[in-house]
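Pasting the structures in now, so scroll down.
Consider the two complexes below, in which chain A is the common component and chain B and chain C are the respective partners.
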Partner chain A sequence: LDYQHVQVPFEITLWIMLASLAKIGFHLYNKLPSVVPESCLLIFVGLIMGGIIYGLNDRSPPVMDSDIFFLYLLPPIVLDAGYFMPSRPFFENIGTILLYAVVGTIWNVFGIGFSLYGICQVKAFRLQDVSLLHNLLFGSLIAAVDPVAVLAVFEEIHVNEKLHILVFGESLLNDAVTVVLYKLFRSFCEMPTIKSVDVFAGVGKFFVVGLGGVLVGLSFGFTAAFTTRFTKDIRVIEPLFVFLYSYLSYLTAEMFHLSGIVAIISCAMGMKRYVEANISLKSHTTVKYFMKMWSSVSDTLIFIFLGVSTIGENHEWNWPYICFTVIFCLIWRALGVLVLTFFVNRFHVNTITSKDQFIIAYGGLRGAICFSLVFLLPDFHRKKLFIAATTVVILFTVFIQGMTIRPLVDLLAVKRKRESAPTVGEQIHIRFLDHLLAGIEDISGHWGQYYWKDKLEYFNSKYLQKILLREYDQPKSSIVLLYEKLERKHAMELAQAGQLGHSPAQPPFLSSDRTVITDQKLEDTLNPAVLDNIQEILARNLYRIRRTGPAYNRHTLPGDSEPAEQAKEILILRHKSL
Partner chain B sequence: GCPQGPRPVTSVLALAVTSEQIEHLHRRFKQLSQDQLTIRKENFDSIPDLEFNPIRGKIVHAFFDKRNLRQESDGLADEINFEDFLTIMSYFRPIEMNMDEEQLDRFRKEKLKFLFHMYDSDHDGKITLQEYRNVVEELLSGNPHLEKESARSIADGAMMEAASICVGQMGPDQVYEGITFEDFLKMWQGIDIETKMHVRFLNVDTIAHCY
Partner chain C sequence: LDYQHVQVPFEITLWIMLASLAKIGFHLYNKLPSVVPESCLLIFVGLIMGGIIYGLNDRSPPVMDSDIFFLYLLPPIVLDAGYFMPSRPFFENIGTILLYAVVGTIWNVFGIGFSLYGICQVKAFRLQDVSLLHNLLFGSLIAAVDPVAVLAVFEEIHVNEKLHILVFGESLLNDAVTVVLYKLFRSFCEMPTIKSVDVFAGVGKFFVVGLGGVLVGLSFGFTAAFTTRFTKDIRVIEPLFVFLYSYLSYLTAEMFHLSGIVAIISCAMGMKRYVEANISLKSHTTVKYFMKMWSSVSDTLIFIFLGVSTIGENHEWNWPYICFTVIFCLIWRALGVLVLTFFVNRFHVNTITSKDQFIIAYGGLRGAICFSLVFLLPDFHRKKLFIAATTVVILFTVFIQGMTIRPLVDLLAVKRKRESAPTVGEQIHIRFLDHLLAGIEDISGHWGQYYWKDKLEYFNSKYLQKILLREYDQPKSSIVLLYEKLERKHAMELAQAGQLGHSPAQPPFLSSDRTVITDQKLEDTLNPAVLDNIQEILARNLYRIRRTGPAYNRHTLPGDSEPAEQAKEILILRHKSL
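On to the complex of A and B.
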């Protein structure tokens, strides 16, 4: 028996197997995921596993190694989030998101740090050796909202798009602040004296970390797009480039002590448009499937490890400190959201209602990032206290907040995601409005949101597309894409209803220029020449049709029917109408 | 402050536009009209960025459309003065915090009426298929690779959608004349136009010099 030889890959595979089997198990019993979010169940499984290991070995189970988390488990989730981020609502709300991410996080860090320091002064708690700097360090790692936890909970409750993007965007972008503050305080802990110059350096560092992350991400993203321009003859490895370049951008950013999360998100968002135009349909499907699969596995593993690591002798249970940590996290988050929203509503027309504010505050979940950061702390005598406090906060937010947020959303009747089907008319109107507003801004001499958006589009079409796209035929506007998608859906429905021999039942008549379009005319629009044209456009650009529609769901992919099937259907349609 | 030119008559208009914004727009008006009292269509050619806008024609047209200028008559004006300019701009003002339901409804209808007039180019109160096709063609005109045929079929599809929203199932002999304003309102129900259709005139300081 040569176990030593295969031990590492064997154990890794076993863990992943366990995670996936657990997932199957939850979905077998239908009612469960709607009451208890999956993340809770996974932590629970982890707890059980940890208990078993502890009982068998009588020593602490293996704690999740921070390196494994940051280098292997986190990137797939963030990549998935960034690649499928709906860019329109994201950029429309980018100001608010940045405000929450940057100012909100700083507010939380200092608030929590100082109040905990205040608690430490109380003699009865026996906490006086925890210095201010330690408290601030702890504050910096516990304050940040965690994207993994937010994703896991929010994708099951389907709130309206704006709310979702605010919480989610904030959880992704606050990484820059967290990285800077954590590293800053950690280096301060080791320095004998702190001068004000160091503080200013810290502030400057924040800009470097954030903007540097964006630059690194964009450069890798555009390189990826450029590479895919030449992959026409080796389609098989096309998906690989997407993953390789994104992962490289993450690692490069981490290497330079920049924000890896911001880098990988910018990379994904920057390259998406061009890569999707260059790669084949099959590659696109592969990319989508693999991304979802990896992020799903990562997600599951993280929560299970979280559960496992809770058991053991890593904790020092000083209950006053722990309880106050939880309380302060809640209070400071709520205050922060209130104050910031007050400012946002002054300057913004699209106001954030108090119900929305409550959900934003309540949805500030902590997760595995805090957990890993606390294990990375240098070993000092109170480290176990911090570990215990972090564990309790995470468990509290994931279990209690995670479980109660859905009934609260129902109770408060928060505006939900619009479930109506997309219409071509709507796309036309939105486009029209875009151009109209850009025109009005030009006329009134005001450089507003639409002006810059227009300018960016212009720059894109003049320069970027020429370099990064293989065939420079201008990609379809969203109107055309949606129309083609609906056209195919309609064709499929017709094929299924068997109504192709004659024109579709009950066609509405359109009067144009006083001539009425009869059945005859509609028969014409199904004629082979036009159908040929549509077929050709579709065959060339099938994968792009999938773009519309919300895509931030862990479990399903947008657009599930087989493209080959649909192409076959259209051929049938053609034959029958001839 | 700087010495002002002749102040325009603005008491007639019940605008929620501040005097700062009016000054800014007045300066812009003077720039466009080259210090004349009225603007004509040709004056809009001097705006370089407007060249690339696919619906440029419709936007300029909207400024001279008498229905938008709240005049009783119909058709197009030849020239507009500052008051008219301000009237058009007022369609794009942001909503106020203290509006009640009725005011919001009226606000929304106003903006949608403006849009309706832009779609309905022959001023007959209905958007016919030809006019809709025209809109789609203009919107997609930036893409030289797209054939006219495709633009037409898209417009046809959208019109059929509109018909099904507004009238529901129609019998084989029914004729759908065109989209009336009530139908138009129904089509826009899903889009919150009160918040989308506004231009923020906040940075007066970009054009803070006087001339």
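On to the complex of A and C.
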């Protein structure tokens, strides 16, 4: 037995296997996931596993490594989120989202930090050795809403699109603020004195981190789109580029201390439309499928690890500090949402209702990012207290808030997401109104979102598409594209229902009188559907002989190549004749 | 700049990116890959890169780590090979393949080992310090034909199926022999004295290693099939299980010192038919696509690394030893093929022609497996000589033999692979003959391959399918399955050609007399195809409104769910009415 040799890949594979099997297990009993969010179940599995490891080894189970989390587990989830981001509601609400993400997060950091510092001044709590800077540092890591936790809960409750994008967008974009404030306070903790110039540098840094992330992401995204222009002869590696370039954008951003999350989201959103147009349909299915699969597994692993890491001896328990942390997290978030929404509503016609405000405040779940950040703190004597407080906040928000948010949404009758996709009629109307509003804004000299959208669209069709798309000389109308998609779906459904290509005339040998007599007997021996099928195949075979497929090659998939034109024509002729 | 933090994933991603870009580069110029095999081009790229690294750093570039090769790069290629293995020719020729793989490899090992020992006895060559055991050890690693190299060359020359499977099957199955002999000789090298019992233990070990690999592989394969029975509600993680279980079978086999290659091939071949029946069509596309993609990238990386590792100072040059190694490799393989084929042809009606024999002997390419094994050798004073000899043999076989085999195949007019897939008529005949031969074998009491195949098929449909398939109560005839596949393809082709669902009657507003007058003008402003499409969409929309899709969920893909039955019926009705 040579376990040492295969240990690393073997254990990784086993963990992923455990995560996948846990997922299957939950879905075998349909009732369970509809009551308890999957994230809670997974943390619970993790807690049990942690307990088992602790019981067997009699020492703390290994905690989730921050490097593993930030380098390997987080990127797939964020990539999936960015790639499938509904871009219209996102850009329509970008101002509100940024306000919540930037101002809201700063508000929370300072609110929580200062009020916890206040608590530390109470002598009875024995917390006087926790300085203001340490409290602010703790505030900076505990204030940020976690995209993984938010996604896990909000995708199951199906609130309306605007509400979803507000909470989810905030959780993604606050990364830039968190990165800056966390690093700023951590470096302040290690500095002997703090000059005011450092504080201003921190404010400037925020713009660098955020906009730098966008820039890195977009440049990698456009490079990816450009690369897929040249993959026509080698379709099998197309999906790879989507993953490679997105991951490189994340790593590059992290390398330069920019926001990796912002970078990978910009990369995914930037490349999506060009890549989709360039790569083949099968490659696209693979990209979508693999992204979902990967993010789903990462997500599962994160929650299981969260549970496992909770068990152990690296906690210092202090009732007042931990309780007040939970309370302040709730209060400051609620206050922040109320104040910011007040300003937002003054400038918008389509306001955020008080029900929506409640859900936004209540949906501020904390998760694995806080957890990883608290372990990355430099060693000091109260680190274990911070770890305990963070763990409690995460468990409180995921379990209590996560499990009660669905009943609350039902109780408050929060507006839900519409179940059906918009009809083509609606889509045409929306596009018409967009053009109209862009025109109005242009005439009135107001540079609003429609104006910029129109300009961007012009720039895209004039320059970007010509560089990034393979067949830029034949831009297809999006209605034609939609039509093609519907046709494909229609064709697949007909084929599934077995209704395609059936000749209206009865096939000759079934309509002969012999068949009528032995009809009952025939049905006993041969299923008529099978008979039909055999006839169909034999009929088709008459032209299939003429078609020749290319020989096996490892770089192509069977049936990947275009069918011979001749065969296609015969097919069409035959279909017309029916 | 914080490069340290992201170094590992960043460099891995960059290497993969380099490999993918190199692949795109070759395929941009179609003429290049048709003359020079891709493997040669990739080694060449590696040599250049190695030269650059050597020139810049003034020290040897890093050699390919054997662990990385065996644990991460080899499994995807072998999995791909096993999953897409044409099972019929493989099992029809399994006897011949095993003979080549087992007896042939042993013949080569001892032939090369003893004759090199003879060379070492010549005083003028100054090789007298290389013992017989070291020569045999060297023989055991240089004798084995490499599946990666064989695959890379043979998939491009399209020889007939039997010839292909003979060379390729041998290269895969000789792994068990190589593992046993290599480890045996290596342990002999470290033992003070060798008893005869050790030699017999080695012979027994071969069966353990080979059959153990098959057993491990099959058990993981069946577990994988069983697991996919329960993934109906969570389609996105289906592809994962195919990869996880195959990889686990490889790692488990390696852990117990069994043949990992044999294990992963058995796993892939064992699970394929059940998994394909259980998982959804999109999952299956993803599995196939990702397997191809992964093996393609692994393959590329291996050849680039081979090139990079060649550059450097870990070679000891000795003209006679290296030249004689190349000569003996060629001679002993040719002799082995001749002798073994003589025996094979005596027992078969469908003999292996002398042209085929030449190609089998000439196609014995060596590759990265030898290279990794030679670096795994324990340190002794002549290791660098062995490294040099191995490198030369690999480069000789891949470059000289790999580049000349295509012209030789053309020159000798070796029977090629048939270009077209067998027609349904042929398939029905083949199956009919199989049944007939199984009956004849059963009556005559001869337990031949048809008898066993029939028994296996019975066991499969009686027991295995019931356990491993989700819908075992409705076993579909394979002809019906083929029909469904053809229907899907047909539907897609019709949809692509835009011929689906066009109503034979002229659409009302185009057939009104107003249209006739403004026909020319209409064509100027609106493309008639676009008009048709719009009408089509609007017409379809009348029933699309009734259909409601499920809301967004991260575990499902858009359009993944089954369409509502009502909508399906409307569709069918509508199609019938046309």
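One rule holds for everything that comes next: the second predicted complex is superposed on the first by the 472 of 578 C-alpha atoms of A that agree within 3 Å, B and C clash if a C-alpha of one lies under 4 Å from a C-alpha of the other, contacts with A are read in each partner's own complex, and residues count from 1 in each chain.
Keep in mind that, in the parts below, a contact is a pair of C-beta atoms (placed from the backbone, for glycine too) under 8 Å apart; a residue touches a chain by one contact, two chains touch by 3 or more.
Everything numeric here is computed off the predicted structure, so don't read it as measured data.
Peer 1: Considering only the touch criterion stated at the top, classify A:S295 as touching first (chain B), second (chain C), both, or neither.
Peer 2: In the superposed model, A:S295 contacts chain C only, not chain B.
Peer 1: After superposition on the shared chain, which partner residues are touched by A:P239: those of chain B (first), chain C (second), both, or neither?
Peer 2: Touch status of A:P239: second partner only.
Peer 1: Which partner does A:D442 reach: the first (chain B), the second (chain C), both, or neither?
Peer 2: Only chain B; A:D442 stays clear of chain C.
Peer 1: Have a look at where A:D2 lands relative to chain B and chain C in the superposition and call it first, second, both or neither.
Peer 2: Once the two structures are laid over each other on A, A:D2 reaches chain C alone.
Peer 1: First (chain B), second (chain C), both or neither: which does A:G425 touch?
Peer 2: both
Peer 1: Chain A residues in contact: does chain B have more, or chain C?
Peer 2: Counting contacted residues of chain A, the larger count belongs to C.
Peer 1: Could you say whether A:F226 touches chain B, chain C, both of them, or neither, answering first, second, both or neither?
Peer 2: A:F226 contacts neither chain B nor chain C.
Peer 1: Just which bits of chain A does chain B share with chain C as contact spots?
Peer 2: Residues 420, 423-425, 477, 479-480, 483, 486-487, 530, 533, 537, which sit in both footprints.
Peer 1: Can you tell me which positions in chain B touch chain A when the two form their complex?
Peer 2: Listed in rising order, the residues of chain B that touch chain A are 24-25, 28, 31-32, 44, 47, 49-50, 52-56, 59, 89, 92, 94-95, 97, 115, 118, 128-130, 133, 135-136, 139-140, 142-147, 149-150, 153-154, 156-165, 167, 169-178, 187-188, 190-191, 193, 195-201, 203, 206-207.
Peer 1: Hey, which residues of chain C end up touching chain A in the complex?
Peer 2: 1-3, 5-6, 8-10, 13-14, 16-17, 20-21, 23-24, 27-28, 30, 67, 71-72, 80, 151-152, 155-156, 158, 227, 230-231, 233-234, 236-237, 239-241, 244, 247-248, 251-252, 254-257, 282-283, 285-286, 288-290, 292-293, 295-297, 299, 417, 419-421, 423-425, 477, 479-480, 482-484, 486-495, 497-501, 529-530, 533-534, 536-538, 540-541, 544-545, 547-555, 557, 559, 563, 568, 571-572, 575-576
Peer 1: Using the touch rule from the top, collect the residues of chain A that touch chain B in their complex.
Peer 2: Of all residues in chain A, those touching chain B are 345, 349-351, 418, 420, 423-426, 428-433, 435-451, 454, 458, 473-474, 476-477, 479-480, 483, 486-487, 506-513, 516-517, 519, 525, 530, 533, 537.
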